[in-house]
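As structure tokens, here come the structures.
Both complexes shown next keep subunit A, but they swap its partner, so subunit B is in the first and subunit C is in the second.
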Partner chain A sequence: MTVSRVPSTAPYLDLYARRGGEPEILRTRRQEAIERFEAAGFPTARDEEWRQTNLGSLLRATPATASRRPLRGGEAARFLYPDCPRMVFVNGRYASELSSPPRQVSAVALAELGAGGDTEPVLEHLGAYASGRASCSADAGVHPFAALNTGLFQDGAAIVIPDGAVVEQPFQVLWLNAPAARAAESGGEAPAVEVSFPRLLVIAGENSQASMIETFADVDPKAGGYFACPVSEFVCGAGSVLHHTRLQADATDAFHVGFQHAQLERAASFDSSSLAFGGGLVRNDTVGLLDGEGAHCTLDGLYVVSGSQFVDNHMRVEHRQPHTTSHQLYKGVLGGRARSVFNGRIYVHPAAQRTDAKQTNRNLLLSKSALANSNPQLEIFADDVRCTHGSTIGRLDEEALFYLRSRGIEREQAHAMLVYAFARELVEKASHEPLRQDLEGRLLASLNGGDG
Partner chain B sequence: MPTATDTIEALAERDYEYGFVTDVEQDTAPPGLSEDIIAFISAKKKEPQWLLDWRLAAYRGWLKMAEPTWANVRYEPIDYQSICYYAAPKSDDDRPKSLDEIDPEILATYEKLGIPLKEQEMLAGVAVDAVFDSVSVATTFREKLAELGVIFCSFSEAVQDHPELVRKYLGTVVPRRDNFFAALNSAVFSDGSFVYIPKGVRCPMELSTYFRINAMNTGQFERTLIIAEEGSYVSYLEGCTAPMRDENQLHAAVVELIAHEDAQIKYSTVQNWYPGDKEGVGGIYNFVTKRGLCEGGRSKISWTQVETGSAVTWKYPSCILRGDDSVGEFYSVAVSNNRQQADTGTKMIHVGKRTSSTIVSKGISAGEGQNTYRGSVRILRSAEDARNFSQCDSMLIGDRCGAHTFPYIDVANPSAQMEHEASTSKIGEDQIFYCNQRGIDTEDAVSMIVNGFCKEVFRELPMEFAVEAQKLLEVSLEGSVG
Partner chain C sequence: MLRVSDLHAKVEEQEILKGVDLEVHAGEVHAVMGPNGSGKSTLAQVLAGKEDYEIAAGLLELDGEDLREMAPEERAHAGLFLAFQYPVEIPGVGNSYFLKAAVNANRKARGEPELDAMDFLQLLRERAELVDVDEALLRRPVNEGFSGGEKKRNEILQMAVLEPRLAVLDETDSGLDIDALKTVAAGVNALRSEDRAFVVITHYQRLLNYIVPDHVHVLLNGRIARSGGSELALELEEKGYAGLTKGSSGG
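Moving on, here comes the complex of A and B:
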């Protein structure tokens, strides 16, 4: 057994000391968060929640705050959906020249918080869930990267959907990474990574309806070598309906350690799909907290990885109130030497009678060296519940392949057809046509990208 | 019709039926653990030097280990220096030649437990190696088995009579520093069973051991070793009850199974140790390491367990499927009532080609019981075409209990087929109503539904145990639902 050295938090604390300042009203909150981060430290393989995630290569690199960089015209365009209002961030900073914020909702950049407009709801919720200020249950602990984000985010989006508003057009938040130089070219000593801390807060007012798209991407796939550490918080008011699609298409040597939290009030509904194609080391923690009677959340996901990519999804759904329902469906397609971890936990509090929770994880291994880990977990403290989970890991059905081949379809094409058929239900969930086409295209491209 | 609360209370007030202490003089070591105590145990058992060295090495390893805390159980810290590590009935010095010579009080204990040795000798063809506290008191049917070359004796006898076999296999499946409790057991194990089935022999009867913790403050540390040579078959039964007492008792057993080519071992357990009173006081701590190695091709190891007792259970019977085409099975029913806590499951490690494993786990929680399934399925890269099926179902009775599932699934070979399913439910009111409508009262309906829930596991038990298990379950859950 190797002795795991406790990674030093010093380089990141140094970033905090040298940060560029923040709106006055956020100062205490930041200070608290960074103290929590310092107390918790970076996780090691000895932490049960991080047992299977090797952060070594990330934490060995020296972090540097991603610099401001203007984009050439059109560099962002291929990630945008033309008819959607949008907010674009480059290296974690708001790029107003590329953005056209939605009109029906209040969308402000966090760096301008306090400069005008109604800051009260934003202040009430920002960082309340993600960085341990009001963590869902005692044993969930502090998520060190979420605390780090709260302490260090340069900018972010705060979107408030007014009570009763019905927003037809989905709005998009695009997080672009444009690292200045390739990490490997920076010299012989410890590699450096540019770090960005995207921050999103969405507050859905009572009985409002909206849908949104979050996209994580890099401007130049060859640049790579950056670290994105995003936090997204969703506060779903009573009776609200929020659809969320999260597309993660980072460079395949990028680090991505994200945290998402959805807080659901009475009869609220939150439906999220997370689609991960990129990133070298990807870790996502998603929490759904059903805190009102009749709330429902759907947390779905798809990961299509190959090469030496590693993707880890940690889910935690907490049923706190009676009559709440949750559904999770995560599917994975693994080629090359890719590795995936799915860790799903459903926690049913004693008060949450009549809970209906379902969790499914299906993995398709396409190559001999791919590895899938699946840990679906149930913790149930109420008796009148229906909780199920299922997990499968396997390869393509030889008989189905044979069937297609006997009808004159080439092996490779048959292969792609079957993988596509496996993954499509998560892509087809997207109701916005341009988004669906984009996702389909990405799925097909990744299938042709070389698997065994 | 009684309400759920009434009946749960009635259940909680039940006294432990098998609670009593037999007065037998004990030859006990002073409490505490040190190298001297280990030397004392070893000398008392006239063990060869190599075994003493082995124990001491385990002890030195244990000193460096920390007690694991990852299990989903809560209990008062154990003071390892207040435990007696050796107790043997006085009659040990001149071992009885037949049942007639056995201390009548001990025999009476078995009578109360409903295990009349004399009758059993004649009935059912079951050979009984009864471990009373730490030293085997009686072993029956041994001659009959010896004719076939089967060795079935206590572990200390095996050390004297078959040292070469013990030395060859001891600690090969569960290394002496495998984990905290296994290391403790390796250092101080008192006795246990030893079974050796020679090549091609099908053991003609179910081998059975009844363990019973009796002396006050004596942790019991059995060590069981079963070796099945090529093409052999054995079915082994283990069953437990314990007398009522107030102090928590530690029980840390180690069981090692080795199945060579084409061999089959079936290991069944009914565990009904004292679970503590309704406040959770007293009761047995059951921290057991059980592991089987499917060494040869086409070998098979099957674990079946019915866990209804103990205050705290920490037990993961596992299979290492090393031989090609080997098969591992795990069937479990775990009941936790009142303040009982059970963290149990299995590990299936697929190494060989075309290995397959089946896991069926049924957890029942009632009262304030906490029941956890924790299992691991690992399919290594070498395990071409491995197959696993896991099913973990939980049933909740009452609103203060908990059911938890923590499966770990690691697959490193794409040809593997792995399925895991789990569900949690309660007994539906509509199900009860359906039975009531047909003139079946609520109590019977619950019993019927629970038995149906566990049927897949009971089916795997040998006849003798299946009856006992169903009865145990009825007693454990009687009146839990109104």
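Moving on, here comes the complex of A and C:
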């Protein structure tokens, strides 16, 4: 029997000690967050929530803060949707020259916080949910990576949608990673990894309506070897409608450990799609907190992975008030030796009568060595509720494959048609046409080359 | 066109075809009849290239080419078509998208230019009318939620669009009411031509009132027990398969 060594927090505390300046009004909040991180430490295999996520290769690497880097013209353009207002961040830092923030909303780079404008709502909510400043759940502990992000983010975006505003055009936040060079693997020493801490806060005012696109990508897929540790917080005011698409297209050897939290007030609606194609070790924790009567959240996702990719989605949906509804549909396509974890927890508080919660996780395995884990967890403390969950792990339908081939369709094309058919509903959900086309292209590209 | 000689096929070590002989020429319609378990569907699936079946011995040729060496899609490119007894439902794949992909895959394999969206739509509409397939079915996913009759008509539609040289219809009549049966038969008859052949596999003689075969074969216990003209189907209808077994063993 081997004793698992507790991973050291020291290299990350050292990053905190050596960090650059920060807005004065955030100093205390960051200090508290890093103390919570230090107290919690990194999770180990004995931690129930992290049991199936092997962080070894990430935590053995020596972190270095990703440095500021100017982009060459056009490097960001292929990830942008032409008509959308945008904020672009490179290595976690705001690149104003690549950005064109929307006019209808207030969009502030966090590094500028306090330099002007109304900081009140941002200060009220930033970090309130993600890093345990105000505990949102009966038993939700500190998420160490979220606390780490609060302590270390170099910059970020705070977006405030005014009460009653209806924003037609989706607003894109692009998080680009541009590592200086492939992390040097000098003999014997621990490899280095460049770390960035993207941070997003969206506050949707009462009865507002807006769409957001978050994109995580790398400038040069050959550089790779970085660690993105993003946190996104969504505060959905009463009656607001917020659509969110999260596209994760990191390099396939990148680490991505993200946390997102949606806080919903009375009759608010949050509809999110998370599409993951990249990353070598990917972990996403998503929390939907239905904190007002009649609130609704849709948390959908698609992961398409192959090779030795690992992707873990941990969902927690909490129904705290009556007549709240939640829908989750996560689909996975796994080739090669890829592995996935879907952990879907629905927690219905005693007050949350007439809750309607639905959760589905479907996995399609394209190779014998691919492996999918699916763990639904329902904890229901109200008696008048409807909660359903289902999970499937299957392979391509050989009868359907033969049927298509018997009509003259080549094996590879038939294969791609069936996989596409399995995943398409999550791609076609995107209502912004350039986004939908981008997602479709990525799905098709991953099917052509992703079966290895 | 099709030459099957002393064909032995087995699935999971169980021999189902035990020496089938069948020769089909261009322009002919052959009916293969037989009771349940006689090997009819196995013959159809083996012709189309289903990998579950192992061909233990025998010849299987289309226009002199060895079918055994060909993948299912290659057999389709060579002009073979199987109307499935149980058409497969394929959620998420639109029927007309599927048909277009199939038509163009065949054209590409044969070195013909692919059809564009307009040309394909015209072809599809024309053939859908021929076999009385409602346009709404073209927009739905392949066979998903189709009634039994709709599935069978969809098979005939695929045949009409793909224009095979040899079409094998596996119990296309089963589960059809008389109106649907007439529609299916009319579709087949409209496609009959001098350079196209059909193998119609059926349990019942009823279909053969509408698709009149040139040759009738009776498959019993994995072998063609008797062959004859269309009158053989009527004899079968009268005596049943049991009567025929006695007849053949006695004669």
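Everything that follows uses one rule, which is that the second predicted complex is superposed on the first by the 443 of 452 C-alpha atoms of A that agree within 3 Å, B and C clash if a C-alpha of one lies under 4 Å from a C-alpha of the other, contacts with A are read in each partner's own complex, and residues count from 1 in each chain.
Note that in this section contacts are C-beta pairs under 8 Å (C-beta built on N, C-alpha and C of every residue); 3 or more make two chains touch, one makes a residue touch a chain.
Note that the structure is predicted; figures quoted are calculated from it, not measured.
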Superposition on subunit A - do subunit B and subunit C clash or fit: fit
More subunit A residues in contact [subunit B versus subunit C]: B
Contacts of A:Glu379 with subunit B and subunit C, given as first, second, both or neither: first
Which of subunit B and subunit C A:Tyr420 touches, first, second, both or neither: second
Subunit A-centred angle between subunit C and subunit B, computed on Cα centres after superposition, in steps of 10 °: 70
First (subunit B), second (subunit C), both or neither touched by A:Ala77: neither
Partner chain(s) touched by A:Val166 [first = subunit B, second = subunit C, both, neither]: neither
First (subunit B), second (subunit C), both or neither touched by A:Ile409: second
First, second, both or neither for A:Glu399, with subunit B first and subunit C second: second
Lowest C-alpha to C-alpha distance for subunit C against subunit B (Å): 14
Subunit B and subunit C footprints on subunit A, overlapping residues: none
List of subunit A residues in touch with subunit C within their complex: 397, 399-400, 402-411, 413-414, 417-418, 420-422, 424-425
Contacting residues of subunit C [partner subunit A, same complex]: 48-51, 71-73, 75-77, 81-82, 84, 87-93, 98, 101-102, 105-106, 109, 141, 158, 162
Footprint of subunit B on subunit A - complex, ascending: 48, 350, 353, 363, 365-395
List of subunit B residues in touch with subunit A within their complex: 70, 379, 381, 394, 396-426
